[in-house]
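The following blocks contain the structures, represented as structure tokens.
Each of the two complexes below includes chain A, the first together with chain B, the second together with chain C.
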Partner chain A sequence: MRRLAAALGAAAMLTLPLWLASPYHLHVVIMAGIFTILALSLNLLLGYTGQLSLGHAGFFGIGAYTSALLALHWEWPFWLALPSAALTAGLAGYGIGRLALKVRGAYFVLVTISFAGVISLISINWMELTNGPLGLPGVPAPELPGLSFRTKGAYYYLVLAAAGLSYLVCHRVVRSRLGRAFVALRENEPLAESVGVDPTRTLVAAAVLSAAMAGVAGSLYAHYTRFVSPEVFLFSYTVTMVIMVVAGGKGTLLGPVVGAILFTALPEALREAMAWQWQMVAYGLLLVALVFFLPRGIVPTVASWRR
Partner chain B sequence: MATLSVEDLAVEFGGVAALAGVSFGVRTGTITSLIGPNGAGKTTAFNAITGYLRPRRGRVALDDVPLTGHRPCDIARRGIVRTFQKTSVFPALSVHDNVMVGLHLRGRAGVLAILGGRRAVRDEEARLITEAESVMTFVGLGHRRDEAASALPYGEQRLVELAVALAARPRLLLLDEPGAGMTGGEKERLIELIRRLRDDGLTVLLVEHDMRLVMGISDTVIVLNHGRVIAEGPPAAIQAHPDVIRAYLGASARA
Partner chain C sequence: MDAFLQHLVNGLVLGGTYALLGIGLTLIFGLMNLVNFAHGEFYTLGAYATFAALALGGTNFFLAVAAAIVVGAAAGALCERVLLRPLRDESIDTTMLVMIGRWIALQNGELLVWGGVAKSIPHPFPTAPLVLGPVGIAPLRLFVVLTALGLIGLSWLLIQKTRLGTAMRATFQDRETAALMGVRIGRIHTATFAFGSALAAAAGALLGPIFLAYPSMGDLASLKAFSVVILGGLGNLAGATLGGVILGIAEELGAGYVSSGYRDAVGFVIIILVLLLRPSGLFARSERIG
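Then we have the complex of A and B:
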């Protein structure tokens, strides 16, 4: 039964551009894929180590700008720009981690917020590099010999592969001694230390992985919309990611995936269903209901029903 | 030939001396108990030895390797693992996963190998799982494998704690009131376990209030009072020591 559902789901995902003709719907699905990577990345920190990064849009934006600038100024192909975006965002994650994870908790939240704020200001004011609020238009679509990712259908497969790979990375990490160390620090830090878990090193590793993954999402976003502006650093992006992780089920592998798909589709569905005045009200009410009835998130609650 | 040597260890809290220059040694392969009235400084000594507290002065060394100033995780790496006075487990994790965290230092896999899904990582994982099974069997929690640690009765949670510490394969094990909250039968089992560990070559330093437990298993007993060592020796000598009797019965016994 379960295997059948998984097979059907995989088949649906692999053939999606064939039966989902509307470019608009395909666009929503691609954005859901990019947000899946972001939610997975935030979940490594928030769900597994228990540290809340409220500057995650900062890592996303760094990835987007790195990739766009390398492609525009140095004409790097996407296939080199993407890993560079991951590397740059990962480096930023290392810096923030070293700086903030010695103190952790509320201080980490504050440092990550300020980090995203500062990066956003730089992107607005460093005209020579970033073109300021006007942004960077004309980011090229990825190309392979004989294959262009210019169409939404092709880009969908690229995002699907990246999201699948991100999921695989999370899967491997959380089932390893590294992932166990993440959870141990969340559950009982003094006890974790007593058996040799190094808190700083472990949390910095989590921050680097998480930031690099957010950088990948940023790069995918830049080469999809073909345009990057300081808007990528919006705080509301971070809030959306947190909602996705918490509503889906933090500290589970599938939770962020479910959360990302749901909360990318939901605003679009509301837009079709009602006048704009009511959209945010409905969104808010649904969120309150989710937190109230499924406080642990969708995936853990459903899993406990099945047992 | 002391495994652990503590010299002139002093800790202050806001000007009050919790430890006022304590020196003692723990010999390899023995069970040593640290006893004393409440507030004597036993847990403070544990915290200072294992790096959870920075002593004001003094030095701690394991086999002549100095440990003072290191972080708890580095001290664990050098072979000293401690348990906590208040029950301390990973509450949301199953017993098995608790023990798997305890095996942290027994694994080698680095980030890149893990991301690459290397075969060596999978082999190591299988080996750690086998080790976790044997640790759970040793403390008698095999039947609780998949239950959340927080769902276990108190006495068994204390065994989880012991299992987590043992999984790290310490050379020196510091147990802070391991028998607290256990029933009589559970305590008997605990005593048996600690003896078996010692016979397997583990060195144990114990803080405990239950005198029957202490006198029953200790090779050496060290008595702390007001942050100082007031007596040290085999259990029988300690039980008859006038200063110890005075410390436990209070100043009125002096008359």
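Then we have the complex of A and C:
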């Protein structure tokens, strides 16, 4: 039964551009894929190590700008720009991870939010590099010999592959020794240390991995929309990621995926019904309601019903 | 040199209101262990309440500022009773998420009510600056800094000299022991949150006429309040006052001598540097990080 459902789901995902005719719906699906990577990445920190990063839009934006700048100024192909974006964002994650050694909990949140704030101000003010608030238009679409990812249909498969790969990476990491060390630190840091978990290296590893994944999402976003502006650093992106992870179920593998798909589709479905501000009001109230009524998230709650 | 003195005076005006924001937040953060990302929303509320009292209520400016402070306190008390009281034993992350949700909902609610166009708040002061030797200060700004200082003084009296203040300090030091001594912790939390929110609303009511009132004005105010709290140390009233003044002056100097585009980066850099180098704040005697 489960296998059948999984096979059907995989078949539906693989053939999606064939039966989903409307380009608008395909766009929503592609954005859901990019947000899946972001939610998976945030979940590594928030869900598994228990450290909330409110600077994730910063890593996302660093990835987007790195990729766009390399492609525009040095004409690097997408296939080199994407790993460079992951690397640059990962380096930023390394810096933030080193800070996590000194501060935890609320203070870690403040450091990450300040980091994203500084990066965002740099992107607005460093005109020579980033073209300021005007942004960078004309980011090229990825190309392969005989294959262009200029169409939404082709880009869908690229994002699907990246999201699938991110899921597998998270799956591997979470079940590894490192992943168990994440959870051990979340549950009881002194106890984890007493059995040989090195908090320094473990948290830095989590931050680097998480930031690099967000950088990949940023690069995919830049080459998809073909335009990068300081808006990639908007705090509402970070909030959206947090809602996706918390609603889907933090500390589960499937939770962020469910959250990302749900919360990309939901605002689009509501777009007809209510104005954007009402949507944001609803978002805020939803976050409050989730904490009160569904504190563990959708996936763990559904899983406990089945048992 | 004259420019420097002028920056210093402008920084002091900003710093006084930052201190108000910081004192409110440091009490809430320290006493309730709550990362209150909605703090800036009370600042916004203060500015809009002043505007509403003037434009719709037709009162005079000083009554409007007082009304804004009362509205801030009432909204704070309500928020604490409805959203925070049921979650008092939850983890710090849980309450923080609730405050983030409240922040987003309120800010966009304000956008719906007042629209995205910034509102200018009228005030009765003449616009010609008072010139004192090398520096000039607009009468409105003088009023702002004096009122801020007065409110800081009142806060200090409340914390140090009243029964409520004693109970608040006891709760900050050790919640359980304070409860055993007959302090009603629930009421202290409500009072602290209402008081902190009233100070934030006061800051909004005072800065609103200098700048403008717009729905997202609270975002930066929250972050600045956090930088002040981190500079001054958790729950440290004198630290928050000094921290506010330092931040105000540092911003003015940064905007004047480095680049006005990076004015708002000063607060962020302070947060990162202080947490890196001296996480208990500049003025704390002992480590108080958790």
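Assorted remarks:
The rule is simple: the second predicted complex is superposed on the first by the 284 of 307 C-alpha atoms of A that agree within 3 Å, B and C clash if a C-alpha of one lies under 4 Å from a C-alpha of the other, contacts with A are read in each partner's own complex, and residues count from 1 in each chain.
Note that contacts are C-beta pairs under 8 Å (C-beta built on N, C-alpha and C of every residue); 3 or more make two chains touch, one makes a residue touch a chain.
Note that the structure is a prediction, hence the values are computed from the model and not measured.
When chain B and chain C are set side by side, the one touching more residues of chain A is C. In the overlay built on the shared chain, the residue A:Trp278 is in contact with chain C alone; chain B does not reach it.
Shared-chain residue A:Arg172: touches chain B; no touch with chain C. Looking at the shared chain after the overlay, A:Pro23 reaches neither chain B nor chain C. By the document's definition of touching, of the two partners only chain B reaches A:Val195; chain C does not. Of the two partner chains placed by the overlay, neither chain B nor chain C lies in contact with A:Pro77. Of the two partner chains placed by superposition, A:Pro133 touches none, neither chain B nor chain C.
Judged by the touch definition given at the top, the superposed model places A:Asn125 against chain C, while chain B stays out of reach. Only residues 50, 52, 71-74, 76-77, 81-84, 88-93, 97, 100-105, 107, 109, 111, 114-115, 117, 121, 125, 128, 161, 164-165, 167-168 of chain B touch chain A when the two sit together in their complex. Residues of chain C touching chain A in their complex: 29, 35, 83, 86-87, 92-94, 96-98, 100-109, 111-112, 219, 223, 226, 230, 259, 261-262, 264-265, 267-269, 271-272, 275-276, 279, 289-290. On the side of chain A, the complex with chain B involves touching residues 168-169, 172-173, 175-178, 180-181, 183-184, 187-188, 190-199, 205, 209. Remark: chain A residues 50, 52, 99, 102-103, 105-107, 109-111, 113-115, 117-118, 121, 124-125, 235-236, 239, 242, 246, 275, 277-278, 280-288, 291-292, 295 touch chain C in the complex.
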